[in-house]
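Each of the two complexes below includes chain A, the first together with chain B, the second together with chain C.
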Partner chain A sequence: MRKVKKFNLSSWWKRINVKYSIGLSLILLVLSTLIYLVIQPAILRPGTLSRLMTSNFRTWLPVILVTIGQAIVLLGGGLDLSNGSIVSVGNVILALTVITPEEPWKNLLIVLAVIAFGAFAGLINGFFTAYLGLQPVIITFATSFVFSGLALLLLPTPGGAIPREYTDVYRNTDLLGLPISLILIAIFVLIWAFIRKRRYGRFLYAVGGSPSSAYTTGVPVTWMKISTYIISGLLASFAAIAYSLLTGSGFSGSGEDMTLASVTGAVLGGVSMSGGAGSVIGSVFGGIILGNIRNIISTLRLDSWWRTLVNALVIVVALAGPGLVNLIRRNK
Partner chain B sequence: MIDSSKSEVNMSQRKSKFRLSPPLTALIVAFILFLLSGLLPNGFNTWQTAVNQGLNILRLASFIAIIGAGQTLVIISGSEGIDLSAGSVVTVGALMTYMFINGNNSLILPILLLVLVMGASVGLINGLGITYLKISPFVMTLGMAGVVQGALILWTKGYYDGEVAPIMTNIIARDLIFGIPGMIFVWIIIGIAITLLLTRTRFGKHLFAIGVNRQTARLSGVNVNAMVVLTYVLAGAMAAFSGFLLVGYTQNAGPNLGNQYLFPSIVSVAIGGTQMSGGKGTYFGTIAGAIVIQLITSLLTTMQLPQALQQIIFGSLLLGILVIYGREKSLRM
Partner chain C sequence: MKTICLRTEQIKKRFGGVHALRDGSIEIRSGEVLALVGSNGSGKSTLTKIITGVLSADDGKVIYKGQEVQYSNPMAAQRAGIMAVYQELSLVPSLTVAQNIWLANEFIDKYGFVDDHQMNEKTQELLALFEGTYQSSLHPEAYINALPPDERQIVEILKAISRNPDVLILDEATASLDSEQVKRLFSLVQQLREAGKGLVFVSHRMDEIFQIADRAVVLRNGKTVGDAKIAESSENEIVYMMIGSEAEIAKEPIFKNNIDQRDIVLIAENIRNEKLEEVSFTVRQGELVGIGGLRGQGQSTLLHTLFGNNTYEGHISIFGKSLDFKHPKDAMREDVALIPGDRASEGLLLLRSILENLHLPNWKSYGRPLLNIKKARNDAIHISNQLNLVMASLDSPVSSLSGGNAQKVVIGKWLLRNPRLLLLDDPTKGVDVGTKSEFYKLLQQLIDKGTTILFYSTDDQELLGLCPRILVMHDGGIKADLSGDLLTEANLVAASMGATSNANINKEMSHA
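Moving on to the complex of A and B:
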């Protein structure tokens, strides 16, 4: 009996690693969450856990959304370094234009405009990289400059405000005892799990794994790649909405750190930078791990002069992780 | 499709007989831009002001071009090579020079050495991460930019106090001979050195080889990993050296001194016709590109356009150049 169970566990583990390549991120997720909870003061007091969950997930949601987008682009063999600046533009537009909820249809239009901008920005990235066949790294770097310039042009100094009526909904709504931000993440993951099984999902992995063989078997490679950038842009605009609701104000550099965080999160989640391997759920784990690490650092009350360095080192070490594991494995 | 890079080299060699090479085009554009800037209300009206303005633009362009020298090397090395840590390294190099030398002529050489070692070590970490841990250059160097910036904050704790040595001011900031700033002579020396390095040495030959195709380079006996690491080390040292020169010119240093040069340095490499996917390029092109960038910056500044608009224009410019020069390896065969 025991033998059978053990066999099942190892095969389950293998399946997780081979099919979703999230073994390492699962371990890190559990570990980082445990460490975070252990060092929390008053963790055993009732209500603390749910309060922490609400405050953490609403803070993480923007980064997790861009990380999902980045993961999808990476799966298709691309790279989107402009997603953070798309968040900035969205945040600036919202902070400048959203008004008190007397005319809700107007605000709805603004939100739709932000989403449309995200999709359009993604389309631009896709056009240059996939349609014209240029390198994603340098193209999205260039477009990120254009987008962040646009954000700075619209809002030179931090300002603007989102009405409280809206921010409160985002910050403090619980559904079935779970924060709304966590439920949104679950919805995105479920939608992707559905798409993953369809033709689109299969095509995506084919394109990322080997574009030329995907091309010869009739996969519309160019369109697939363009679509990943559009998805990333859309998710960045959702992230902008979440970020604006979280902070309630506008800042032209709001998404600046999210670009690198999205790549790091995806890599931590087992998504390969060379395309075709990894999973979206892994990237969500990666985003949560990053959030946990940030929280652990801030709970430790490090001297504030150390903070930038430690955060940056964590990112570099996280990026180095998969490579290090491979290096050790190869030498064995 | 597999030997596209090879046939591309042949093609571009053939083509260059019939059409202007990118660096030359850039220089012509630069000249036209310069003449245009003379037409502005506060432009030049005598020969003397024109010459002065030209020299000033060359001097400002030299900083972009010297940071661009390291960038040219890593971009030629291929595999999406790029050095985004250059901006932070420039800042740290400048601040080390500023704070450690503190007006003391005798400390110039030891501190310069220290600055170069600092830059080279950052480059070493970049190179090791890229080759052995297989982190994409963009992400690795962007991550290191954060680390260097973090180290800077921890080191200075927001307190920047120092002074540039008088000799540096005399050589870099003042006019040396015939009213030509010393910085331009430094630039010429660096330009010749980098060009010789690229065209006359084994390092240069191997650099182009790994840029075109790492696999074939490895098979023909090039130690690819060592080459890549060495290239990033050189780029780091060049960036740190730019910081040293830059602070000699500005006479003042702050925590964001270098970052404003990062994007222009990359765009100047692209304008100069160096292929962003590697394997092809010249430092002469980067020099021409830097002059174009500086002219555009000066034009935009005299027209009093906001910083944000300059950013948008540079971003669009880079996109445009990439479309014109960089079309290759498209999947639609």
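Moving on to the complex of A and C:
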């Protein structure tokens, strides 16, 4: 007899909450998307939906990439406040050096150099926090100034340009009716799903859950932690490439806003600030929720101070939320 | 004679100025259970941690399977076949039972993925070893943080066994298990012994040592002092090895309790909670009562329960009032004070000034609406002189003080309140000799004032030297109430191992 798996909503709901802790972020994702779509003036006209999707996801891709990196660092029990500055450096390098599409090999080398810088920056963060055991908040906050200082040194005033031939590919390519940025996000999520099911994923959750237990059990805790910072640095360099293709120019403060957004996005997506709980797909949801909220505010043409206020509130609620939930549970 | 599987030779280890191990020498033989015995601070844990690579030795040799080895981390030791079941469990609370058991030892399929299915099946097989002794909530996919302590301990044991070690160290593995679970564990140990594994059994329960071990090695003050075949030994013999000579002589403590006529001020009747079992005792006004036993037998919990930090069942009455402290402030209102053992986390605001710390529980008595800082300062000066506090000024932060002086601040802030009942939770831990003697003087002053004191210490010598009466705790209950002629080190150590020494029984008989 074949076992028929019945779909059971309540057990499914429990499962996604226990295993991925994305229940709340899923609700927020659906809600914010609905609100956003409802207030769009031309939503029913054909083509509007796909146009919105393309323009939104290509804008969100850089932030979502650093949010994925942040989620992985948080899962391992760390915190990376320098990922935005790594984006700035990558963006500045690309804007200054990528000039003409006639020499694709030279440009490929530049891109590889940007990726190498991201990995190296992550290695520095990992060395200080995991190997020397210093506080991640302080170390990565400090290195963020080193990196953004470097970006400012390379490009004191906004400038530089990425050739149109490249930016058009990023901005306007569709595959199977989906924008390339969305497909890239899906690829990253799939790669992570692949890694998570391997020994690395198991170790990561163990290290974040209890580093001392993981250590006595024989998990290479230090290397695991260092690797999360390297992954975060790598994703920040990918974000820099996406950002440069999006804007077509260079600005030394380009990644500044991304740092806090990455933490907020990851937490909104159910990733625990204390490590060991959450999921990467959740952090992608978190990134999209943040993007939706921004769009809603700008569609409603609210004053800019509204935008700041709501952004700040979202951050506070997202960060304090888990603590508040615990408090309510304890008092019950 | 069985072959020697692992041998340590004169292992030495220091933590700062403290010698945790001076000469740790043991032989673990294949097919034998070795009991490692010693009182607090004898170096048992340090020695096992060095063998398993958690700590590295300062000096000495570990010889494993005929070769000198030095493991710099637990991973290397595990790969060589040395595993331990730790007292302070090595489980990750946010992972499942199966994930924990196979952590760093996962089944990997041919594509490199973790094979959860196979891991769950193998976990089920392992759990069958304890079948019937746990609730249905314990299954391969249950999360550790949802399990009670005994089931966590079972998972920890299964985790060690799953790695099929050649040397298995069980560090207080039975502490949170019930009798049926202990029985299962022992039959497992029996099997491993028959399979020729080397086993080390660390326990505070003498009866279990006699039940399962073949040999016992005794550590005292970081030195290996004795080795005995269990079959040819007795509980008394082991106790004497643990304490050395002069054990039977009744001690003359510094303080006397001349309190026979005084009122009973503290009555505890059948107190029960997570860590305590049927604790009953009474204390008279002005009495100094020591609380002893091996570390972690419920001593701190008892003091915290009396202070209102823990919930309990049973009855506590203090100063003739039946009390139900829900919060430390209720206890403070009744002039009960608790001086915690962990200064940094429970007793002090390290960055604030000495003055502020001294007055933290006392500001109320310095007037409304504005604080009378001058009076507060004078009182603080008075108390710091009394305590002989070595400091730059009252305004320097507590973090600038040495450990001993910081401890004085913790004591001082409660003394300013003139407590009637003082609960001391291992106050001399990590304190130097000079500070200790000042602390003893302070105790003298308090006793002269008629303060009633419960004094928990992990240092047996200190208790015996100070207290005219000692309650010995074991597994959450009071195993012995020693005073007068019964107050000997032999009785104290025997009771803390859960044994009843002959001397004790004889004396009890002659009293009766």
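Everything that follows uses one rule, which is that the second predicted complex is superposed on the first by the 321 of 332 C-alpha atoms of A that agree within 3 Å, B and C clash if a C-alpha of one lies under 4 Å from a C-alpha of the other, contacts with A are read in each partner's own complex, and residues count from 1 in each chain.
By definition in this document, contacts are C-beta pairs under 8 Å (C-beta built on N, C-alpha and C of every residue); 3 or more make two chains touch, one makes a residue touch a chain.
These figures come from a predicted structure and were not determined experimentally.
Colleague: Have a look at chain B and chain C on chain A after the superposition and call it: clash or fit.
Modeller: They clash.
Colleague: Under the stated touch criterion, which partner chain does A:Arg199 make contact with: chain B (first), chain C (second), both, or neither?
Modeller: It touches chain C, and chain B stays clear.
Colleague: Determine, under the contact definition given at the top, whether A:Leu109 touches first (chain B), second (chain C), both, or neither.
Modeller: So A:Leu109 meets neither chain B nor chain C here.
Colleague: Where does A:Leu319 make contact in the superposed view: on chain B (first), on chain C (second), on both, or on neither?
Modeller: First partner only.
Colleague: One more residue to check, A:Ile27. First (chain B), second (chain C), both or neither?
Modeller: neither
Colleague: By the touch definition at the top of the document, which applies to A:Gly276: first (chain B), second (chain C), both, or neither?
Modeller: second
Colleague: May I ask you to name which of chain B and chain C touches more residues of chain A?
Modeller: Touching more residues of chain A than the other partner does is B.
Colleague: For A:Ile138, using the defined touch cut-off, is the partner it touches chain B, chain C, both, or neither? Pick first, second, both or neither.
Modeller: In the superposition, A:Ile138 contacts chain B only.
Colleague: Just chain B (first), just chain C (second), both, or neither: which does A:Leu302 touch?
Modeller: Neither chain B nor chain C is touched by A:Leu302.
Colleague: Between chain B (first) and chain C (second), which does A:Tyr215 come into contact with in this model arrangement: first, second, both, or neither?
Modeller: both
Colleague: Which chain A residues are contacted by chain C in one complex and by chain B in the other?
Modeller: Comparing the two interfaces on chain A, one with chain B and one with chain C, the shared residues are 212, 215.
Colleague: Note which residues of chain C are touching chain A in the complex, please.
Modeller: For this pair, the touching residues of chain C are 52, 54, 73-75, 78-79, 86, 89-95, 99, 103-106, 108, 112-114, 143, 159.
Colleague: Give every residue of chain A touching chain C within the complex, in rising order.
Modeller: Residue list for chain A touching chain C: 18, 197-199, 201-203, 205-206, 208-210, 212-220, 276-277.
Colleague: List the residues on chain A that touch chain B in their complex, please.
Modeller: Touch list, chain A to chain B: 79, 81, 128, 132-135, 137-139, 141-153, 156, 211-212, 215, 221-222, 252, 260, 263-264, 267, 273, 305-313, 315-316, 319-320, 323-324, 326-327.
Colleague: If you look only at chain B, which of its residues touch chain A in the complex?
Modeller: 1, 80, 82, 129, 132-136, 138-140, 142-144, 146-147, 149-151, 153-154, 157, 263, 266, 270, 276-277, 306-312, 314-316, 318-319, 322-323, 326-332
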